[in-house]
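These are the structures, in structure tokens.
What follows is chain A paired twice: with chain B in the first complex and chain C in the second.
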Partner chain A sequence: MAGTEVMRDLQSAATSHRGDRIFNRTITALAFTALAVLAGITVFLGAQAVPVFQTLGISYLTTTAWDLTTTPPQAGIFGMLYGSVLLSVIGLVIAIPAALLLAIFMVFLAPPALAKVLTNVVDLMAAIPSVIIGLWAFYILNPVAEEWEILLNQYLGFIPIFQNNSGNFLGTPFIAGFVLAIMMIPIITAVSREVLARTPPELINASESLGGSLWTMLRYVALPYGRGGIVGGIMLGLGRALGETIAIFFVLKIVFDTNWYQIIESGGGSVASLIVSKFGEASAGLEIQLLLAAGFFLFVLTLIVNVIANLIVSRTGRLQR
Partner chain B sequence: MSTAEFEKSIEGLEVELSDSRAGLPIEMDARDISVWFGKRKVLEGVSIPFPKKTVTALIGPSGCGKSTFIRTLNRLHELIPGAALAGEVLYEGKDIYSPDVDPTHIRLKIGMVFQKPNPFPSMTIRGNVLSGLKLSGMKRPNHDDIVEETLRAAGLWNEVKDRLNAAAGELSGGQQQRLVIARALAVQPHVLLMDEPCSALDPASTLKIEETIRELSKEITIIIVTHNMQQAVRVSDYTAFFLAAENEPGYVVEQGPTTDIFGNPRDQRTLDYVNGRFG
Partner chain C sequence: MTTMLFDSEKIQSLRTQEPQHPWRRRTPKFTWSVALAVVIPALIAGYFLFATAIPDPIVIIIIYLPLQLLAAGVAAAVSKGKNGVADAFIYVLAIGGSIFSLVILISLIVTLFINGLKAVSVSFLTQNNFYISPSTSLEYGGVAHAVLGTLLIVFISMLVAIPVGIATAIYVTEVRGRAVPYVRFFVQAMSGVPSVVAGLFILTVLILTGAMGPSAFAGGLAYAILMLPTVARTAEEVLRLIPEDLRTGALALGSTRARTVLQVVLPAAKTGIVTAIVLGMARVVGETAPLVLVTGTSDATVYNPFNSPIAALPTYIFGNVAQPFPDAVTRAWGAALVLIIIVAILFVIARIIGRGKVK
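Entry: the complex of A and B
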């Protein structure tokens, strides 16, 4: 008989157990608390951005300047936002291949004992505070990286990104990006290792039985299989890179002049480091507001990068034909 | 000729006469294979010839080394850490384990289908069929033709021809198993090893795959492990019965034409096993 059936409520029956109900409600409440905190931070920072926009307009986002002695004051963080992205890109270009190779080595090539040691070392590396990495970079990495940059400039200087006009090879986006890579590699490696180790053995068997080598197996089977997880690891690393403050502060010379692409030229930008470099001396309400607004836009930038990354994942998520 | 020598020659003769494989062209010949995992010996002295374009069933109770044996036939065995082997496997007149033989070549010529259907989830149906070409770097033209030909051979073409670009994971278990058969065929193997290919499937899919096996055996040599006695009778020309005492290496108790093994076994243990009295 059509039209007479009564749809039964299976969902609430599935959670009818009392313990389950309490558990569900607690979890839901906690999840909403997390969301509420996030929303609170956004609103607080956003509220600071409003008066800044009223005073400076869109030029706060499109220009690069920081001179509060003039009237009206001149402030623009474009170079800082752009610098944050540039440093992250440099960091990723170094960190992704290094981390993937390390993870592949640990999962598929290293003897188990060595893999175990490496796993622990990598996990420890992820836990090093960034101020330590900053100090290390300032005293140890700087002179070494300077040599690399001079070599890069000597042999590849004809490529625009390796140009250097000032003769000063310190405080460059390259060194800062390299420091970010050092901080991202343990995160991306740890996640990729977990993901690759979970490649189903039957898929590896299938690849072997079809004459696959380790490299073709990785390329066509293991990496596509773990793609989602690996990209997740990269996003975790990138999150740390975009927000990284103190380590960058040690090695990057912040200049209010957009350095578009000369990565081994002294001077660059980073929103987070801008904030820390200016916050100590900031006195008047306006400067504090400007810095908080910068924080807000760093937050927005992070969101945008995440959205773009998600789009990339779903694009490349197409099946191999 | 001494009496002992005479008896020995008679014995050899008897084996040859009693086994109809004697005169046939042999595709692959496993000779005196013993296998170890670490210190533990799990197979001892297994010798089985596989005549060209026939189906050989490997039967025996769980844990007697059938999977282990079949994996020595395409050099998958050596990929397990601690795996060792004695004896030889002759293929194309040559021991596949001799140092100048490329294991990739062997694995391409001797394909394998596993117990659990294992299509690549990140590939389409079509991508799966062609995956062996990518993985091994083998060059074959006319991919569309290969896809159709192998899917037809695996008895799957009609069910998937309109959705070749769908995810392989959308197929049912039985369809997935036929897909991986097509995938194995795309690299043009001469031998196909199948380790309990139907044990995870429903009866209808099982019959489809058995049909496929019979069809394929007109072109290639098939070696199949099965726990299903009726299946062994239905699909195979020859049968080898494996057995292992507890914590002892497995060995072949009896082998020969399937009709003999099931209809007229010489060994009491074979009789008991094929009649379901143990194992």
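Entry: the complex of A and C
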């Protein structure tokens, strides 16, 4: 502790130097760039949302439509916001078990050499740009997933979520959710692997010496210990999924008609993909403003998810140290 | 003190002992039952896969997986007693889950190489797309203009994000002002900004206001928003590893704070800072959505970063994916292969540098 005090004295003595004051101020100013950017996004995109609300009112958030030829123009992104959440939920249902099992395998079961290889594999998976995953999904995953969906519909079609009335099994929320799962798996795996690997060895040894098996150790030691970190990792993955744009653009048919639960029916919604898909044709001021307002709500949504995720992760990190 | 009951060093070594993992202990009976539990379900599933018309996904999920769980459970019950059954299930599920992820990744990489190599040739790597239409055959045209565009945009983003990112890290680890927790919080929040939102922001500020048209500069600024948090967080971790003695030593020798940071701390952290930069580049190089919004696209090679739409690898792929012409799609695969190789090179560089640092 004495060290930090000495350090503080030295710092206060040293900052009396004029060059140091300039240095400190420059660095401090630059350090607030992150805040400036966040504030800038809020102000500039938020300002674009204002005229949209003046024209359309709250119906922009509560209805699903995109017809600008009528007067007054009709536009609403409820289906898109709901679609983003639905796709993320589908993605999470696939990604959470896959990522947790992979993390458990890497930490507790795999031989160290294999675990090292798998760590690199997960990093590699996280590094693949989403446009490439989209390309792959469009040409390679689509036909395979179509086959799965037809089987699901054939044998489980009596369950409402597996209904399909159009006979078109492409561009479905299921495929888009599966693509999101591919992007979430490396994030959730990386965070889970780290927290599980930090389970104190003495707790594991204690569990073992009490006659615990692998299952009891996981159930009563490792998973409760890492729970906070795992939840945070899941939230980080969710934040990534909500903002994912390009890959979804290729595999989801965007329709302006809220698809509530039919996950293997063609057509769904996603705010981020909406922006890119409508941007090319957007010419007039209003349509651009509608897209910017959509971007604003996407920003707010992901910001909330990410802040919660980071709070959870950093809190558990502190507890475990 | 002299009659210590326990040797504290020994206790310490026990405390930090690696877990023994008793479920890994093997007996001959165990080995045999595991071997049988692997082979028998595989044979049965293989019969259904190849000798019957039942669709493959149904065989794997309805027949193979339950059968494998049952076999593993029986094997565990025989060799380890009933406590082993749950463990056996975990083994099967964990291996299955890992294979699921691996299959996806291998499929991605393999199809990328198979399809991409069809397009890649010397001309593909050295020519631009100027006289090329989507239906032009693959002998002509290439991605050189897109590679140059990507490099230019990433370079511009580095000019912005690296100084600011490193300054942010210096603020957190060296200046240690009162706002440190807030700065770290904002950087973390910024790392969650979706790439499409970063693009929209630059679009609003630069392009819709009429300050400039779609250009590499606008793309570089959008990339900088995405790159900054990666650089700042990695650089912060690196600076934390620099021993405090170096700082106090430099100050004790009469150096100012600024000189301490610039001439002692940063040089000591040189390789780590480079790693942070490389990771930042790898983070942004494949981002597509912001470029679709703010750089436009071009078939010609563009050198001017300010007043012309410009091509980049991600937008080149984006524009070619859904074309109805097979050769255009093959171009997309080729460009994707080039892009993933660039990303891989960046990661290998970061790894090599990072390894040197640990020693």
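Please note the rule applied: the second predicted complex is superposed on the first by the 270 of 321 C-alpha atoms of A that agree within 3 Å, B and C clash if a C-alpha of one lies under 4 Å from a C-alpha of the other, contacts with A are read in each partner's own complex, and residues count from 1 in each chain.
FYI, contacts are C-beta pairs under 8 Å (C-beta built on N, C-alpha and C of every residue); 3 or more make two chains touch, one makes a residue touch a chain.
Owing to the predicted nature of the structure, the values given are computational and were not obtained by experimental measurement.
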Contacts of A:Arg227 with chain B and chain C, given as first, second, both or neither: first
Contacts of A:Leu68 with chain B and chain C, given as first, second, both or neither: neither
Which of chain B and chain C A:Ala115 touches, first, second, both or neither: neither
Chain B versus chain C as contact partner of A:Glu202, first or second or both or neither: both
Partner chain in contact with A:Ala98 - chain B first, chain C second, else both or neither: second
Partner chain(s) touched by A:Phe32 [first = chain B, second = chain C, both, neither]: second
Contact breadth on chain A, by residue count: chain C or chain B: C
Touched partner set for A:Leu210, first chain B, second chain C, both or neither: first
Touched partner set for A:Leu218, first chain B, second chain C, both or neither: second
Common interface positions of chain A, toward chain B and toward chain C: 202, 205, 208, 211, 213, 216
Chain A contact footprint on chain B (complex, rising order): 74, 76, 79, 104-105, 107-108, 111-112, 114, 116, 118-124, 126-127, 130-132, 134-138, 165, 167, 180, 183-184, 187
In the complex with chain B, residue positions of chain A that touch it: 200, 202-203, 205-213, 216-217, 220-221, 224-225, 227, 319-321
Touch list for chain C against partner chain A, complex: 15-23, 55, 57-58, 83-84, 86-87, 89-91, 93-98, 100-102, 104-105, 107-108, 111-112, 115, 163-164, 167-168, 170-172, 174-177, 179, 182-183, 185-197, 200-201, 203-205, 208, 225, 228-229, 232, 244, 247-248, 251-252, 256-258, 260-261, 282, 285-289, 292-293, 314, 317-318, 321-322, 329, 332-333, 336, 339-340, 343-344, 347
Residue numbers on chain A that touch chain C, as the complex places them: 3, 6-7, 10-11, 14-15, 17, 19-20, 22-24, 26-28, 30-35, 37-38, 40-41, 44-45, 48, 97-102, 104-106, 108-110, 118, 121-125, 127-136, 138-140, 147-148, 151, 155, 182, 185, 189, 201-202, 204-205, 208, 211, 213-216, 218, 236, 239, 242-246, 250, 272, 275-276, 279, 288, 291-292, 295, 298-299, 302-303, 305-307, 309-310, 314
